[in-house]
Structures are given as C-alpha cells and as structure tokens.
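Scrolling down, you'll hit the structures one after another.
Two complexes come next, and they have one chain in common, subunit A, joined by subunit B in the first and subunit C in the second.
And now, the complex of A and B:
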C-alpha cells in the first residue's frame, strides 16, 4: 500500500465530504439533535453522568451516520459520477484507495463527539465527567480502528451492488440499536444480544463507557479490549479476502459503472 | 511492426435479472467474437452504431471488464489476470461530462490522479503544468471543476488521460461535448501522440475525424466485425467514408 496514495485520498475525501451539504448535516446537525433527544430520554432516568449515554450515545450515532452515508455512500457517488471506474483502473491498490477514503471520513466524523459534548455543555449545563481519561483515549483509538475496519468491509461489499443507497439506509439504525449506542445492550432480548456480541462496535461503546464511569477493574477493561481488537482483526482479514474476490467479481458482474 | 493490442474471438455477455419472485434472466451479447490487432504507433479506429459493442470492447481492454470468452491482450498481458502490468502503461478518456471530481480544481484532480498513477512527486507538478497548458486550462486550473463548461470538463478528462504519459491511449468518443476549437485541439494532441510513437485506439461517430486521423479501423455492428482496413480501403469506390459506412451497416441490418 502506497502512503502517498493513502494520504492524498484522505485529503481529497475530506475536502469532498465537507463540501457536501448532506455530510455537513450528518456531521453537525445530527449530533446536536441526537444529544437533545437522548438528554430528554435520560433526564429522569436516574443517570447522573450524562457523558455515558447522552454525549457518547449522540456522538457515536452521529459518527456511525457519517460513516454510513459517506464511506458507503461514496461508492455510489463515485459510481454515478464515473470516477469509480477511473480509480479502479489506476495502478494504485483499490483497497488502499477505499481505506484512504474511510480513514479520511472517520477522522472528520470524530467531530460529532465534540459537537455532542458542546451541545450538552451549552444547552443543559449537566454533570459531565470523565473518570479515566487515559483509558478513554485508548478506547477511542480502538473504537476508531474498529469503525475504519467495519466500514471498509461494508464499502467493499457495496462495490458489488448498485443498490448501495438502500443498503446504507438499512445498516444505519440497526447498528445504532444492536451495538447499544444509546442504551445498554443488556436491555435487548437474549437472542438479539448474541448478534450484538458479534459486532465490534458493541465492545468499543462498552469500553468508552467504562472509562467514562472510571475503570475500577482494569482486567475487565483489557479483556474487553482484547475481544474488540480480536474481532477487528477478524473483520480486517475478512475484508482483505473479500477485496481479493471482489476485484475479480466487479469486472465479471460489471458493477463499477452505471449504463 | 509489434502488436500492442491483440484481440482474438473476444466475447462479452451481460446477464441481468428482473423481478422479485420469478426472476427473469436477460442475456445481452454485447461483443460477439471480434478479432483485431493494433500495432505500436498506430491510430486505430473502432466504429459502429450506438450499442454495437465499442465501449464494451474498450472496457475489456482497459481492465475494467472481464471478457466472457476469447483473448484480450494489451502490451502482451491478459487484460483480465495480468492487469497490474498493464495499468501503469495505459490510460483512457471517456466522452461526456463524467469522470472528474467536480468539487476539486483541475489542478487538484490532476494531482490526485498523478498520485494514483504513482508518479514521483518531483516530476508531478511540472508535468501537470505542461498538460494544463496543452489542454488550455492553465488559466482556470485552480477553480473548482463544478464551475467549468462542458468543454472544459472534457478537456480536463483529456488532461487526466495524459497524466501518466501512456504508451496506449484509449479514447471513447472523446470529442463529445467539445466545440470545434476543442475538437481540433484534441486532434492535434492525437497527432502529436502519434509523432511520439504512442498508440491511440479511438471510437467516434465523426467519420471525417476517422478519415483524417486513423491508420486503420474496424467497423462493428451488433458485436461483430463487419469491415476492416484503412479508411481508403473501406471507402473503396464510394464518395466518402460515411457513404461506405451507411451502406455497410444498412447491408448488415437488412
């Protein structure tokens, strides 16, 4: 993978994404609205630290929304603007280009966490504490890595189909619900929790919440981090295998372009 | 002279399915057993009606589509399976207004594609400047492409197609959307490429352009080759290449 390709793709992606009004809505308005919604939900729920569910929940929902509608949606935008075929046929590695796009989008989308925090502080002046900042930083890095890998897998699958818009709408809300962005996974029915446990963002959210409340049991933190990194590695492996297969499949099925 | 493109009995079928429960399978034979070769340094024309299979053929040659059957070799390598060896050495230009990042400037578009074509940084900026002058976009190089006219976008496409100094340039109706001056500029660029020993494979509906530029050509209809030779050979006793073309296509379709 070429570093110049990765970095230039990240730069181009950030410029392009920020220029789109829909992306700016997802990035700025979405976390503000989600923060208001979650604050109203949790106001009388007995939760004293609004950081864990309101700020993190709204921020992560915004982050995932940006990723869905950008990392995934970009495949479709590029397909319809005729540039998907152009980038595919260059000597640069196609997975490397897609990775650059996803990293660019994810980095810019991290703003949602800040916006959600700012909204809670400005609008509600509610107690917001972060008990274990170092653990939080570590959990955030692992969460970003997990989001990058999961979006890379999704983007890769979406190159195969022209129904990208349908699929990206289908994955946004279910991931919010299944991974417990706005409430603990334990409130979900048992069978559904099984699905949640197979999704890496579930562990990322739990790690972030643990560090917000304070990590009293470091062994539990490291254990969860191990599961998150293990699942992320598994997704990365699946992604690499998929890309190898998809590189041939898209040319057989002719899905790089629209007629 | 060395062949840089070899196509033997090339076929491409598109299969699509319609319906939710009783999925109806639709098969379209876009390219149906065509053969031709292109020599190094030639300007080669690919002519035919809309839907004749020209674009599909080009897409197989530029490694974007897999052939269903037959041989499709570019610079001695299979376009499906050995694409990595081909991609650095070729480029392509599609007609129309697609294929540029409209929210980037011409310079940023070219910088990005030069990175994707793995062009060393020290060569990059000088090359971009030269190409921008060549396609007459130097004055507007830093404006966003979304503010460009149709012709300017097409010229940006041409610039992108030249960014890696390709040995073979594939052009699919490159003069679509160009005004007469733009079309002449493109013809000059094609001639200059030939002088530099580059190979050009060109599809167009402008038969005067074919007569003016192409060394040899094939005419395809419904996925099959119906004529091949130099423009003079194909014209034969007819008044113009256009008359010969119309007679050939009507003869085959009758």
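And now, the complex of A and C:
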C-alpha cells in the first residue's frame, strides 16, 4: 500500500467531507446539540462527572453520525459522481484508497469529542475530570482503530446496494442504542445485551468510560481491550473478505454497478 | 381540484416509495422511528432514574408524528429543485400551497401510524397505562399537534428557496424540537430565554396538553390546545408572507433561488 496515496486520499477526503452540509451538521451541530440535550437529561441524575455520559455520549454519537453519513456512503458517492470506475482501475490499490478515505473521515470526525467537551465547558462550566489519561489515550486509539475497521466493513456492505441512503439513516440510532453511547448497556434487556456484546464499539465506550472514572482494576481494562482488539481483527478479516468478493464480482460482471 | 390534490399526493408518495420494497419502506417509515423512541426513553429511564416513562413516550411519539410533517413539508422545494420541477412550479399560475400540502400528505399519514405504534410500544415495552385516557381528546391533541407542525413545516419549506442546505436546517430543527418542546426534559429546566423560545415552538403546548390527559385533572387542556393552534396559524401566516416574497423575487430576478 502506497503511503503517499493514503495520505493524499485522506487529505482530499477531509476537504470533500467538510464541503457537504450534512457532514458539517454531524461534525459541528450534532455534538453541540447532543451535549445540550444529554446535559439537560443528566443534570439531575446525581452524576458528578459529566464527562462519562454527557461529553463522551454526545461526542461518540456525533462520531458515529459522521461515520454513518460519510464513510458508510463513500463508495456509493463515488459511484454517483462517476469516479468509482476510475479509482477502482487506478494502479494504486482500491482498498488502499478506500482506507485513506475512511481514516481521513474518522480523524476529522474525532473533532466531535472536542466540540462536545468545549460545549460542556463553555455553556455549563460543569465538573469534567479524566482520572486515567494514559488509559484514556490507549482506549481512544483502540476505539479509533475499531471505528475505522467498522466503517470499512459497513462501506463494503453498502456498496452491494443501491439503497445506501436508507441504510445509512437506519444504522445510526440502533448502534447508539445497542452500544450504550448514552447509557450503560446493562439498562438493555438480556437478549439485546447479547447483540451489544458482539459489537466492538460497546467495549470501546466501556473502556473510555472506565478511564474517565479511573481504572481501579487494570486486569478488567486489559481484558476488555483484548476483546475489543479481537473483535476489531475479526471485523478486519470480514472486511477483507468482502473486498475480495466485490473485486471478484466486479471482474466477472465487468461493471461496478449493482442490481 | 380535490381530485388533482390527491392524485398529486399519490404521485409524490409513489416517487418516494419506488426505490424500496414494502419491508424496507416500513423499516424506514415506522421501524426506525420506533427505535428512536425506544432510544430516548432508555436514556430518560437511566438519567431520570425512573420507571414511569409516560411523559417520554408521549413526547417522543408526538415527535415521530411532527418530524414527518416538518421533514416531509420542509423538503418540498429541495425535492422539486433536485428533480428539475422548480422552474415549472414557480412559473405556473396555480397555487403553490396545495402542492406543498400534497407533498406532505402521505408522510403525515405514515407519521400518524408511527405515532400510534409509538404509543403501542410505550404500552408494551415501558408499561405506560393508557386506560384512563380520553381517546377522543387524545386524538384531537394529536391532530392539533400535526396541524401546527405542518404549518411549521410549510414555514421551513420556504427556506428551501433561501439556501441549498435543507438537510442541515431540518436536522438542526429536529434537535431544537427535542430541546425546546419539553419532550426529553421539562421546559422549566431551561433558562428564561429558552422558556420563551419553547413557547414559540410548535408542539410544546400540545405536548403539555397530552400530559394533562394522563393526570386526574385536565385543568388547562383547552387553553393549551387553542394556544397550539394559534402557534400553527402564526407559522402558516409567516410561511404565506415569506413565500409571497420569495415568489416575487423569483419573478423579478428571473431566478428560482434567493441564494
């Protein structure tokens, strides 16, 4: 994989994404509005540290929104603008270009966490503490990796359909709900928690929250991190298989269009 | 005239529905809104530490209903521009209001179904008791809320002529409805300016009226309903005025957009 291609794709993607009004909504307005909403809902909950549910919740909901409305639909967007065939046929690898787009999107989408933090500080001057910053950094890196891989998998799956817009809209709230971005997954019924446990963002959120509150049990932290990385590896494998399948299908059908 | 209105509404619906199978359409129009309702009720259940979710089920079921009116009507001109019909619509001597209303007819019908399903889910999943509620008054409240939200949607639809970022505008508005209408937290929590804004928003009074139907005394039910209708009428007048202005500008400048 050519690093220069990856970097230039990331740069172009960030500019292109930011030019779209919907992405700007997800990146800027969504975390601000979600922070206000969650703060008002949590202000009488007896929670002292608003970082765990308000800032992280709003930031992660914004991050996932950006992924849904950008990374997930990027391949389809290329198809719509007639450039999919060109980037598929270039000597630079197609998965490399897609990965560059997804990393670019995910990196710019991390701004949602900062915007959410800034909103809470500026508007409410609420107590925000981060007890274990090093663990938090580690958890954040693992979360970013996990989101990049998930985006790649979702982008692949949505490539197979013309109805990307429908699915993009329909995966946002269910993932917010199942992965416990704004409340702990223990609130969910047992059967639903089973689904939550198969989704890597659930562990990413729990790790981030653990480090906000302070990691008192490092073994539990490493255990969750192991599960998160294992699931991420599994998703990466699935994503690679999907790319191979799409590549094969395109070569057989001699078209990048879908039925 | 009436026949043409319904025929136009059917064609709009057909255009929206054509790309999807019945299951996908049901998922989009009813399934996804219900997941959204469950998501916000779960946040409320955890943050407010309560099992009585009556207020949130009512508020979010109302939002399902009104969001469809706001999005359905608000997107009217964006859709027309996208399909290249804006020129014919602006230039034609026929009234524009029936056209916009026809655009929102089917979304409103599906919204009522989604709203009813929301109440059903509220009853089945969150144990909300509707047994003591006067169904006639409840239906009247929903109709008033829809009428008011439709007028608000008409008002927003004019912004489709003023800017090209209706996705951004409508998504921000959907959050403002959550923040200022007492759906997710009591309006009394807001600062004075927020409480004033909440009284200017559609749905606030209908929401409060519906909550009164669950209380032993209906108290200020009728004044709230009248105030909701007055809010809707004010938005309808504003929409009429703004659209007249936009139409005059379009004819004078020989272009269809004000931006």
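Everything below uses one rule, namely that the second predicted complex is superposed on the first by the 250 of 259 C-alpha atoms of A that agree within 3 Å, B and C clash if a C-alpha of one lies under 4 Å from a C-alpha of the other, contacts with A are read in each partner's own complex, and residues count from 1 in each chain.
Criterion: contacts are C-beta pairs under 8 Å (C-beta built on N, C-alpha and C of every residue); 3 or more make two chains touch, one makes a residue touch a chain.
Just so we're clear, the structure is a prediction, and the values are computed from it rather than from any experiment.
Of the two partner chains placed around the shared chain by superposition, subunit B is the only one that A:97 touches, whereas subunit C remains out of contact. When the two complexes are overlaid on their common chain A, residue A:248 makes contact with subunit B while staying clear of subunit C. Of the two partner chains placed by superposition, only subunit B is touched by A:8; subunit C is not.
In the superposition on chain A, A:86 makes contact with subunit B only, while subunit C stays out of contact range. In the superposed pair of complexes, A:237 makes contact with neither subunit B nor subunit C.
Of the two partner chains placed by superposition, only subunit C is touched by A:183; subunit B is not.
Shared interface residues of subunit A (contacting subunit B in one complex, subunit C in the other): none. If you check the complex, the residues on subunit A that touch subunit B are 2, 4-5, 8-9, 12, 15-16, 19-20, 81-83, 85-92, 97, 248, 251-252, 254, 256-257. Taken in their complex, subunit C has these residues touching subunit A: 19-20, 24, 27-28, 31-32, 35-36, 38-39, 42-49, 164-165, 167-168, 171-172, 175-176, 178-179, 184-185, 189-190.
Of all the residues in subunit A, the ones that touch subunit C in their complex are 21-22, 24-25, 29-30, 33-34, 36-38, 40-46, 53, 162-163, 166, 169-170, 173-174, 176-177, 182-184, 187-188. Listing the residues of subunit B that touch subunit A in their complex gives 14, 62-66, 80, 84, 87-88, 92, 94, 96, 98-104, 108, 111-113, 115-118, 121, 160.
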